[in-house]
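Each of the next two complexes has subunit A plus one more chain, namely subunit B in the first and subunit C in the second.
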Partner chain A sequence: MAALRKTFRINKKDFIHAGEASISVKNLLKSLHVDTKLIRCVSVCGYEGEMNVVMHGGEGILSVEIDREKVILEISDDGPGIENIDLAMQEGFSTATEEQREMGFGAGMGLPNMKRNSDHMTVESEKEKGTQIRMSFSMADEKGE
Partner chain B sequence: MIVKELAEQLELKVLAGEEGLDREIKGGYCGDLLSEVMAKAPEGCVWLTVQGHQNIMAVAVLRDMSAVILVGGHSPDEDTKQKADKEGIPILLWPGSAFDLAGRIYAGLA
Partner chain C sequence: MKLSEIIDVLDASIWVGEDQLDKEFSIAGAADLMSDILAKLAEGCIFMTGLVTVQSIRTAAVSGVGAVVFVRDKKPPPEIIEMAREEEIPLLSTPCSMFVSCGRLHASGLTGLDGSR
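For the complex of A and B:
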């Protein structure tokens, strides 16, 4: 099949609609009969990425591209950027506020979860300009969670 | 076991998402850190948590959960209930501890 691409807006601090882009992506993959395990991996990554934008980023976009071999998930925002990507990738590191922690966020598992559930992940970020995360998922691979 | 049977057996109050009461329960998960639940909760589980805000429903949908059970007397926000109704994933209430409920559910599923 030809590559199918869809994009969704993620609004800054919009906890009300947070997660809806990932749910749309999940439903899209389901309608295309993509393997259930792969859908779960894409769901984890989409949700974590989306929540990162809502909590820390600015206005954002989540886009998904699907072809016969792979799923590509891209999440970008124009927020404050990640100061130290290596540190942010460490499990347990978080810059979430006290209020966000009380809601069960800020475990410092977002980016590590995304890395673990994707086959390849790149993070690019510039201070005051924003962050772009790109993840790919092979249709053929079995991924551990 | 389906959600309806569990609710009846343990006298759990069904607060929202009634459409999903016939969902099959394949396991359970306890947790209040959303990323941890998102990463580890099994498909078809009942999720025991104290979190009642609307973001729990996205986790429940994305993890294909059977139901969310708010423990310890916690209750969901109004918009959480609306999302549960929209997605057809039941929200149940349990006044006691997660430990106590998890033990009963585990015994019932074993």
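For the complex of A and C:
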């Protein structure tokens, strides 16, 4: 199967629609009969990433690439960037506002959760330029059990 | 425990899931913080929350949650009901508080997300 690639926009500060891309990715993977556990990992990572773009980032893009061996998720935005990536990766670190916390987010668990749920993750960020996150998920891992 | 029994135990109203009354549940989680569900193995659980937002439903959808229960008699607006219906996630409201909802389900034999009692 040739790689299938889809791209979705994530609109800046759009809390109401945030997560739609990940739901679409979930339903796409479901229609391709991908393993349920893998679907959960990919869609949870996508969702955490999308929420981060809306809460902390700028205008964003989520893209997914699916082939026989793996799923690749890329989430990028042109926001303020992550000042200290090592710190941001720590459980509990968050710069979320009081308002975002009241909406159920900002526990500082997003990036660590993305790392845990993907097989490989890279975070690149530059101040005032934005943030790019790339995660890969192996299909074989799940099926080999 | 079947969805129909959960409705009885919680004196709940059902917004979505009339076609899934026989769906079985054995684990439950309660959270107003979405990461408490997203960072756990919540597949197939009952997710009780006081937060009536579209993000509660999306969190449930990406985590594979089995049913969502809004506590303290919170009634979901139409767009939330519609989203749960699209995702085929049963949606309930209970007049019980979070504490009492958890207590009733625990007493009925449900465990936490990690299987503990």
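Going forward, the second predicted complex is superposed on the first by the 141 of 145 C-alpha atoms of A that agree within 3 Å, B and C clash if a C-alpha of one lies under 4 Å from a C-alpha of the other, contacts with A are read in each partner's own complex, and residues count from 1 in each chain.
As a working rule, a contact is a pair of C-beta atoms (placed from the backbone, for glycine too) under 8 Å apart; a residue touches a chain by one contact, two chains touch by 3 or more.
Source: prediction; values computed, not measured.
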item	value
Partner chain(s) touched by A:K26 [first = subunit B, second = subunit C, both, neither]	both
Touched partner set for A:S63, first subunit B, second subunit C, both or neither	neither
Touched partner set for A:T95, first subunit B, second subunit C, both or neither	neither
Contacts of A:R40 with subunit B and subunit C, given as first, second, both or neither	both
Contacts of A:S136 with subunit B and subunit C, given as first, second, both or neither	neither
Residues of subunit A at both interfaces, subunit B in one complex, subunit C in the other	15-16, 18-20, 22-23, 26, 36, 40, 43-44, 46-48, 51, 103-105, 107, 109-110, 113, 116
For the subunit A and subunit B complex, residues of the former touching the latter	15-16, 18-20, 22-23, 26, 36, 40, 43-44, 46-48, 51, 103-105, 107, 109-110, 113, 116-117, 145
Contacting residues of subunit B [partner subunit A, same complex]	32-40, 43, 49, 51, 53-59, 61-64, 79
List of subunit C residues in touch with subunit A within their complex	31-36, 38-39, 43, 49, 51, 53-56, 58-59, 61-64, 87
Residues of subunit A touching subunit C in the complex	15-16, 18-20, 22-23, 26, 36, 39-40, 43-44, 46-48, 51, 103-105, 107, 109-110, 112-113, 116
